[in-house]
Amino acid sequence: MIDLLVQRASTYAADIDNLILLITVITGVWFFLTEFVFFGLLWKFRYQEGKPAQYVTGKEKHLKKWINWPHFLVICCDLIIVVAAVQVWYNVKQDMPEVEKEIRVVGQRWAWSFVHPGADAELGTDDDIKTVGELHIVSNEVYKFNLESRDVMHSFSVPVFRLKQDAIPGRVIQGWFEANAIGQFDIQCAEMCGIGHGIMGAQLFVDTPEEHAAWIAANSN
Amino acid sequence: MGSDGESHAAHYKKIYVILLGLLAVSLIGPYFGEKFDMMWLTLITAFGIAFVKAWLVLKHFMHVDVERPFIHYALITGVGFMVLFFAGVSPDVMKHEGTNWENVGAKAEIARALAEAEAGGGHGAHGEAAAHGDDADAHDDAAEHKAPAH
Amino acid sequence: MAFQPIATTRTVMGMPTARLAIWWLVVSEIVIFGGILATYLMHRLGHPEWANYAVHTNVYAGGFNTFVLLTSSVFAVLAHDAASQGDGKKAAKLLSGTLVCAVMFLCIKGYEWSVEISHGYTITANGFWSFYYTAAGVHGLHVIIGGIIMAWIAKDAYQNKYLHRVELVGIYWHFVDLVWIFLFPLLYIAK
Amino acid sequence: MSATAHDDHHHGPTFAEIWLLQSTDHKMIGKQYMFIGMFMGLIGAYFAYAFRMQLAFPGVNVPGFGTVSPLEYNALVTNHGTIMIFWVAMPVLIAAFGNFLIPLMIGCDDMVFPRLNRLSVQIFLASAIVLIASFFVHNGGFGGAWTAYPPLSAKAEYNLTPLGSTLWLLAVVLEFAAFLIGGINFITTAMNARAPGMKALDVPMVVWMICIASLLFMASVGPLVAGAVMLLFDQVLGTGFFDPDKGGGPVLWQHLFWFFGHPEVYVVLLPACGITAEIITVFSRKKLFAYKTILYTVIGTGVLSFFVWAHHQFISGIDPRMANVFTITTVLISIPIAEMMFLFIATLYGGSIRFTTPMLWALSFIAEFLIGGVTGIFLGSSGADIYFHDTYFVLAHFHYTFFPIAIIGTFAALTFWFPKMFGRMMNDTLGKIHFWGTIIPFNFIFIPLFYLGAAGQHRRIYNFNHYPQLATPDLQALRVLATVSLLVMLSFQAVFIYNMLYSMFRGKKAPNNPWNANTLEWSCPSPPPHGNFGDELPNCYRGPYEYSVPGRDEDFWPQNLPN
């Protein structure tokens, strides 16, 4: 459902979208059902001359079952939602698949800076490419990012990846993504970080392997 | 509350003496606990006795045992929420790494402080972080026995 | 009292309204001090190096302060006992004993802090000292506020007025003593 | 605001009692809380107007404010949230109606501690003044979001508003002190000062709800008071509680804040639910469906609200394994609230529903709050929250819960109890115009924001043309639609202000029981004299909701009538 608004550009984007769709369907059904019953009762039992209200204590069996059954079904739906949500959460945030490339993402007051592994695909070597405001990655490869912040809390958010992780100063937080769509996308900061929080956007370039190799060649000194 | 007035005052004084005794034990215990490096002795005497003293004050001075039951539930719920708060927060504050995250800031701080304690340490004089900057100039004079890092 | 509503005299829950309110005050204080102590405990367990800082706390001053607070507590409960027999003068004298202990407690703490600060262990020295001054400071603030209210109640009690308040301020005082009973081992002894 | 002269009170309230908060009468203190809350509500609405204009027309010279700079934008957003929760929802719902209703509804003459009650409203006024003062200091008010996450809130070099941040924090702590004192007063009064014969299950639901709300507030605010002291020392003394360089941690503040934060939203929700329960029973002439079950769901919600706090922090640095625990408890807590909503709807079954203005407000509370509740499931389940966290979807969700609570609940309660509070009737047609003029635009503000949130628009960004994917014309059109709807809604509030001020002095004289309701406050004159029930206080013979009892000619049976 979300993909109608924001393109899916990572492997787990579909999982998160389907989870959101599942919740939309379940909660949508319950919502419209409840509103329908609500407005139905308003109409059916509106004030009519000579039709007094009934005396209902709430202990009547035949009425209580109209509450208990929906209540039980709501609990079942909640269980389904919880299981689905925890599954998606585990895949995205807890489980780390085997990693092909690693990058460092550093948030600081009002810009994202990135450290790419460079030609030797090894992070921490001296041929790493540091960029500010631009992240260049190759599609169809599992990237691990080490997220850190230099001053206040920031939040590395890539809507097309359905990726979001806060950067806490003093901590290094890992996460992964695997792009599966070529193009240029937005990176936003999703945690209030002061006066420049609004201008802290960056651009994400998902390249084909050739484009990426050309970019590395152009940028490694 | 109990029989005539006189035995009351005596009762409270009796409890007071017990409390002082417990206080003495909770002071001597850790002293020996450190000397012979018996960690459990320090824990039992310092903290165990704190709970006993707390119960004595609650029971005999605040008369909580004769209080209405819902007061007990309210007090216990308050303490229960603090235990719940401790349980929910400690994985992030007490621990310095977990799934996919590591608190490098805290670890660096601990390593630096311990190294500093070691460097300044050795038997006798004890280095410590006076001003928090890197140039920790140890100028502590009161030589105390080396503290066991528990 | 200028205007005492009938509501205050009602005891539907079987206990006087004022004592019920004091117990609710104690519950709200439990969560405040509980918050400080739980956070401090987490840091102590997470930061082994704080043991090296805690060495410089003066155990003897802390221990003696505990003795002073216990004495003040026994004065308070004796005062409540005297007040429950209608002897306002005796209750006021005993309450003033509590106040003397309270002042002594604050003086010892003042001396203790001045020594520590002169050694450079200020509140901004490191995490341990920050918590040490915050926890003991908030507790000290409660001792001061409690002392002022107790002095007011003792003045009234001396003229045999509002004797039921002696018990109320006693409950609050015992709670402040209880907090110190836990604060003392956590701050001073855990080395 | 001069209430009519009380008969046994030799003169009306003096100037000092009204304007210098010297009165110890719970009704006067309730009105003082309400008017301070409504005044702060105007400030909060003005802030919303200012930053919504900036969002819809970036860089425009906002009439009545001027161009909105990024620093001002952050301060506007932060203080809009802070004011609306702490200085509008809590004072009006809990303190104003709590003060006014609790003594009247349990049949006693005042709060158990009248002078402590006066002290709480004085501290509350002081907190409002301190907060307003924080807007005028150097660099303006605090701009680090109402959650005040350090290190942004702790270090002046980061938030650029050192004075504003400290004053903001002091104002919030003062407000906590006012509500701690007020809360203890409410709970003790409701527990101990009930009318003879009023058993626990005969107490009206709104009194239960306000007391449980005060209890939740008292039990949850403790750690945040400790946290506020730490943050104050971090700001002023430079300690390192939340400073990562000195071994502290911002995550500690998040936990301290949200351990209070989530029970806080139930603190403001429960009084609104209580008000709704009172009103739908009166205007459908029906007994509340399963009073005891509703009470258990309220207590269940209250207790569970302490187990869910980290769903605000799924992706802000807590250990991912903890997120699973909090997903389960969060979805679990949606069950008692859903049960309560079902029981409110079940109360309408078999009724004879009269659509007066208070009833319209109460029914719209149920209809609108359902949207808020349902969208909460998206955010409570950790997997979906990865995408939705800190987007406008979250913003629309909590406005669909806070707006029904703070605005719809307040208007419902005020239109329902206005005759009792001021002794005069409000104009019903103006009331309906104001109702429709508020409800319809409200939906046109926040449904587009759900859409914008789903499109990945994040919160607190003052200008979206830095983000190509968000600067598209159709998304900008939605922002304009939301702002225009806000303008329409704000203009309709003039109808309400006129109706209220006019009716207060020249409205039709109100009888004692205009709505033929059962609860005790309708058995005394309106406005009630000093001491409420005159010479002797009422007894209570039955539950508050004995409407349409078979075998009786009248369809209501006041609690204080012996037969």
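Letters A, B, C and D mark the chains as written, and numbering starts fresh at 1 in each.
In the analysis below, contacts are C-beta pairs under 8 Å (C-beta built on N, C-alpha and C of every residue); 3 or more make two chains touch, one makes a residue touch a chain.
Predicted model, so just to flag it, every value in this text is computed and none were measured.
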Just list the two chains that share the greatest number of C-beta contact pairs. A-D
Could you give the separation in Å between the centres of chain C and chain D, each centre being the mean of its C-alpha atoms? 35
Distance-wise, how many Å sit between the C-alpha centres of chain A and chain D, to the nearest whole number? 30
Could you grab the centroid distance between chain B and chain D? Build each centroid from C-alpha atoms only and quote it in angstrom. 40
Chain A and chain B, separation of their C-alpha mean positions in angstrom: 43
Where in chain D do residues touch two or more of the other chains? 219-220, 223, 240, 244-247, 249, 251-252, 256, 317, 320-321
So which stretches of chain A touch two or more other chains? 93-94, 169-171, 173
Chain C: which residues touch two or more other chains? 13, 15, 20, 24, 27, 30-31, 34-35, 38-39, 47, 124, 126
Pairs of chains in contact (touch as defined earlier), listed by label: A-B, A-D, B-C, B-D, C-D
Partner chain B, residues of chain D touching it in the complex: 219-220, 223, 240, 244-247, 249, 251-252, 255-256, 259, 306-307, 309-310, 317-322
Footprint of chain B on chain A - complex, ascending: 93-94, 96, 148, 169-175
Seen from chain A, its contact residues with chain D in the complex are 1-2, 5-6, 15-16, 19-20, 23-24, 26-28, 30-31, 34-35, 37-39, 41-42, 45-48, 51-59, 63-64, 66-67, 70-71, 74-75, 78, 81-82, 84-90, 92-94, 109, 151-153, 155, 157, 159-160, 162-166, 168-171, 173, 185-186, 188-199, 201
Residues on chain D engaged by chain A in the complex (per definition of touch): 70-71, 73-74, 143-145, 149, 151-152, 155, 158-160, 244-245, 249-251, 284-291, 293, 314-317, 320-321, 323-324, 327-328, 331-332, 334-335, 338-339, 341-343, 345-346, 348-355, 363, 366-367, 370-371, 374-375, 377-378, 381-384, 386-391, 451, 454-456, 458-463, 466-470, 547-550, 555
Can you list the residues on chain B that touch chain C in the complex? 1, 5, 8-9, 12-13, 15-16, 19-20, 23, 26-27, 30, 34, 42, 46-47, 50, 53-54, 57-58, 60-62, 67-68, 70-71, 74-75, 77-79, 81-82, 85-86, 89-90, 93-96, 106, 109-110, 113-114, 117, 126, 128-132, 139-140, 142, 144, 147-150
